[in-house]
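Next come two complexes built around chain A: one with chain B, the other with chain C.
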Partner chain A sequence: MSKVFRRIYTYKFLLPAAIVYFVIFIVPTAMSFFFSLTRWTLSDWDFIGLQNFITFFQEPSLSIGFKNTFIYAVVTCSLKVVGGLLLGVLLTSKLRTKSYLRSVVFFPTLVSTIAVGIAFSMMMHPTTGLINTTLARLGIEGPDWLGDTSIALLSVAFVDVWKGIGFATVIYIAGILSIPEEYYEALQIDGGNGWNKFWNIVVPLSRPATNSVIILAFIGGLRSFDLIWAMTKGGPGFATDVIASIIYKQYQGGFYGLATAGNVILFVFVAALAFPLSRYLSRQEVDL
Partner chain B sequence: MSHSRQVLALLSSVALTTGLLAGCGGGNSNDNGSPSASPSGSSGSSAGASPSASASTEPKEKVKLSLLVDNSQDSVNIAKALTEAFQAQNPNITFETETRPGGSEGDNFVKTRLSTGDMNDIFFYNSGSLMQALNPEQNLLDLTNEPFQERVVDSFKPTVTSNGKIYGVPYTSTIGGGWLYNKKIYADLGLSVPKTWAELMANNDKIKAAGITPIVGTYKDTWTSQLIVLADYFNVQAQDPNFAADYTANKAKYATTPAALRSFQKLEETVGYYNKDFLATTYDAGLRMLAEGKGAHYPMLTFAIPAIVQNNPDQIGDIGFFAQPGDSPDKNGLTVWMPGAAYIYKNTQHPEEAKKFLAFIASAEGMAVVAKVSTPSGPFVIKGAAIPDNVPQVVKDMLPYFDQPGMTAPALEFVSPVKGPSLEQITVEVGSGKRKAESAAELYDQDVKKQAQQLGLEGW
Partner chain C sequence: MSRSVRKWMLEAAAVLASVVLFWVPLYFVVLTAMKSAREASLMNLEWPSEVQLWQNIKEVVAVRDHMLLRAFWNSSVLTVLSIAATVVVCSMAAFVMQRRQDRASPWIGFFVLAGLIIPPAIVPTIWVLNELHLFKTMTGLVLIEVALGFPFCVLLYRSFMATIPREIDEAAVVDGYGGYRLFFTILFPLLQPVTATVIVTQAVAIFNDFTNPLYFFPGAKNATVQLTLYNFTSQFVSQYNLLFTNILLITLPPLVLFLFFNKKIVAGMTAGSIKG
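Let's turn to the complex of A and B:
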């Protein structure tokens, strides 16, 4: 009896949060599943079955969108992991300007994404931008960073990494600082060098940090929208369209049902990639 | 180890929460950089108008009308001038003017207000396909039998008509879609205004040979890439008069109608004539390039004229305009964009006063008020409303097309509700040489299907 009571007692404390979560997350999600099967306007709706999903999958830019979303997520995620780890090691070492550098690295994370996007798209202007005028002074003719369809997506991904790497670094700093001193002492006794320290202690023992960075950066990359929209609007043409920008354009066009269906697809796509990844990573962590 | 987990868990949850917040905020900052709507204060309630002004009639009840306009400087100026002039004659009616964003954000704004029953008494909005999407029968006041409709030019009426009923009156001038060009460059190189597409391309070659950019491309603002295709509609309908009706009924396609496909082919032929950084150039920068003679042509709507007048007042005399030529010299006409219209909300509390205001707008007097604050970009569609003599030459270049019968045609978006949302991306691909005209036309045909289905048109 007292056990049951205790259980209910704890649930009562959950209630306020649960209600908020239910009203602003579960209910709209369930509604969007329904409205994705309709063609709706703000005043009425028609039930049309799976027609929206069929139309959405026939969307000519969609295959580019899936590919770009995946490339973008993988590129930004891996660069954030590698860069974040290296910066994390650097900023936990015995540098004199350590705390200053930590703020410098973290700073881009604090700036508005849209402002970053606009600033970088000006710097990446092919003829008057800062990057290409600097390159021109060195005698190199820089490419059209955002106009050349083969590199536009990578240019945006680079800006995303620039902006997001500070956060990955902070997670790594926390992870590296929590490695107990004993391991380093053992290494010294065994006569290991700096490389051994990095490869055999820091990398494996900051595994929890790595997993967090991978999950956060990967999901962030999959649903990324604001930076891409601020820099290229999915262009030139459809070259940097990701799923989220395709959905947004459907909404702008007034195709609410289609946009809802697109969101359901994005939800399934992200879940299908993120859940197995998360389980795989956490299993690895236990094995350690 | 468990300690580090806790730190990580905390950090991760912070990251997720900030991600959520950032996600919420990000969506707004899109679209032409148009600032969000902010209700501007009521436009000066004319305290100066003394009651004696209305001595002729018995004292009337005071009425306040609310007016919704888009937030472009031009529209705000027009609304202010019209309401002030009207108030001087009708002191019992005052106005409260509110602004809304432009572009597709504005479309959603208007639709939301209408469907929540929260619309202003009068609002200014596009005519043509956008107006059709407002569900006019349910939301707008029928103005078919109002006496002031007699003063509206017939060619305008179909663009505000739904199921045989007329719902609006034009509040500004028409807009021409074609090619703005730099007359100085034309004079220096001894070129003449082209009457056929082949002549235009020959001019482009000569300009290119002289080391000047033949065509200004401003694809950073993607909408500007559509102009060559859209401004070609006069030539499409000259060859195929039934195209609009067949197109709306899903019987004609861009890809399979030679006259329509030609519009995309023309765009494809301009590949290579643009400025080098055309993908990163903006609309404003493009207008400057044209005015300063760094580019010879700019396919554009004449609504750009007020901006040139403002930014390059000394060079406005160097700018000229011609319609996009077709393949035959005797069919050289202009594609016209109809002005936006003033509409009355169906459930307004003050229909009589609102109609009175629209009657004032749809008069030669009203248009004269508009012309004073906004450089006309073409003729007015109110009978008896003349454009002032002091307009720039580039506006006068348009007039000959209007003087001859059959030398103007409304753009496709005014005669058919079907317009696909991805046209600007497709034309960017064609204009930058990434996609062939045939494939672009097919892609666009697929794109418009969604629009037709959303509108519930027959035959799709």
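Let's turn to the complex of A and C:
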């Protein structure tokens, strides 16, 4: 690059972004490693070593967060992948109501998560909620969706999928539409059926879309907080507590060091799962 | 069964599913917002004996000394300021990031990607804001939104910048343009399509943001629309009609955006993700 262009493309353009990003994001992230080792009141801190982390792993009400976070991320992510792919196929086929259906599937993505959470927790009310009264009319006794500790997490995950599947679908639609027409023509010459088209062409060739959906949905699932908080506040008991909601609870309780330790754990958790996953997925893509 | 019949049935099933899964919840929200408190508490799909939507709106707006109006004002200010700052800051950064390749480039790319993946550290961020006297201030929250939106937006801008030929820069330099004039008078206007995408996607994200105002903008005076809605859940335990009126009111702005910019939003979201 010539000297003139080095002056034209000066790093001064990067400076405002760099300052904001550094001060607001990088510095707190770096500081979190230190403050997670302290008992902390914002104005004052005591160094207590790994005590916060030990508490996190030993206290059942805290360590349940690992399991729940993982389950929540896996369930929402896999449902979004499968559902998004199927909806993507459906919404790229020749339907008359295609654009209507696309809008309907996508719209929940834009609605406030809190609003969705409140509306669904009303509908999931065990006795008067819309879901169970409808089931009762069909002669089925519906469970206590959000009150039963064994299914509460899954109920919230279902609402998460309802809200987020439009995004996955849109990515799949873009991926499926970018598959060259020749593949379908070749399949027709070879006499393949609809199943072959789906399994041998659409699934492997929309692989980049699948990878994006997996990564985005999985990371989103690991970090999710607002929907869970709006619907159950981590309850009943600690049945739907994830790491992010535990961080908020500890923050509210004034345990800043412990909350920060939670942040560090979430950081490590996300990084340890997301980086290898993305590397694995991108390697698969090359092999294709 | 012939192909066309099967296709017709598939389509009918899809439309039916869309009605059950989408229109029924929406209908439920609208219906409840129109009812009296007593009828709303039944949580059913029956038509209200008396439609009192307007009365509910007036009532919910008046709650806690017109808190909702203040929340709408706060959310609007937050959204507009954050987007304005994001557009300027991210487009400038993307310009250099895309045009200039040197030893620093991989590092910059690494930090940007890290920002997409890593959750922000909450209490240390509060601590930093506190040290800067920006905690519980609009300025502080705007900075948060800009910093956390930066990785996504800068990637959008960067991939669009790559489609603008470098010859334009060279011609401008020959004509004696400096960096700032080149960027602000020639390149920035060319970025208009992606700027529109950034504005629309960020508008939805920031207007709907709950977590960041919850942590970094506490206090009754500071409420944003999502926080008000959340706070009302405890106040309106026996007044679901008002709660749902509130839901309806704060869903309107994104709905309007959706009606006008549907394509733009979808384009932006896919552009950001497919390239990864």
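Here is the rule we go by: the second predicted complex is superposed on the first by the 267 of 288 C-alpha atoms of A that agree within 3 Å, B and C clash if a C-alpha of one lies under 4 Å from a C-alpha of the other, contacts with A are read in each partner's own complex, and residues count from 1 in each chain.
By our rule, a contact is a pair of C-beta atoms (placed from the backbone, for glycine too) under 8 Å apart; a residue touches a chain by one contact, two chains touch by 3 or more.
Note that the structure is a prediction, hence the values are computed from the model and not measured.
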Comparison of chain B and chain C by chain A residues contacted: C
First, second, both or neither for A:Val270, with chain B first and chain C second: second
Which superposed partner A:Pro208 touches (first chain B, second chain C, both, neither): both
Partner chain(s) touched by A:His125 [first = chain B, second = chain C, both, neither]: both
Which of chain B and chain C A:Asn193 touches, first, second, both or neither: neither
Touched partner set for A:Ala174, first chain B, second chain C, both or neither: both
First, second, both or neither for A:Ser150, with chain B first and chain C second: neither
First (chain B), second (chain C), both or neither touched by A:Phe225: both
Shared chain A contacts, counted only where both chain B and chain C touch the same residue: 42, 113-114, 125, 128-129, 167, 170-171, 174-175, 208-209, 212, 215-216, 223, 225-226, 230, 248
Of all residues in chain A, those that touch chain B in their complex: 39, 41-43, 46, 55, 58, 60-61, 113-114, 121, 124-129, 144, 146-147, 149, 167, 170-171, 174-175, 178, 208-209, 212, 215-216, 220, 223, 225-226, 229-230, 233-238, 248-250, 252-255, 257-258
Chain A to chain C touching residues, read off their complex: 1, 4-14, 16-18, 20-21, 23-29, 31-32, 35, 40, 42, 90, 94-97, 100-101, 103-108, 110-115, 118-120, 122-123, 125, 128-130, 133, 162, 167, 170-171, 173-175, 208-209, 211-213, 215-216, 219, 223, 225-226, 230, 244, 247-248, 251, 256, 259-260, 263-264, 266-267, 270-271, 274-275, 278
Contacting residues of chain B [partner chain A, same complex]: 1, 3-5, 7-8, 11-12, 15-16, 19, 22-23, 26-27, 29-31, 104, 107-108, 111-112, 115-116, 133, 135, 219, 222, 276-277, 279-280, 420-422, 425-426, 428-429, 432, 434-435, 443, 446-447, 449-451, 453-454, 456
Chain A contact footprint on chain C (complex, rising order): 7, 10-11, 14-15, 18, 21-22, 24-25, 28-29, 32, 42-45, 88-90, 92-93, 95-97, 99-102, 104, 108, 111, 115, 117-130, 132, 143-144, 146-148, 150, 154, 169, 173, 178-179, 182-183, 204, 207-208, 210-211, 214-215, 225-226, 229-230, 233, 240, 243-244, 247, 250-251, 254-255, 257-258, 262, 265-266, 269-270, 273-274, 276
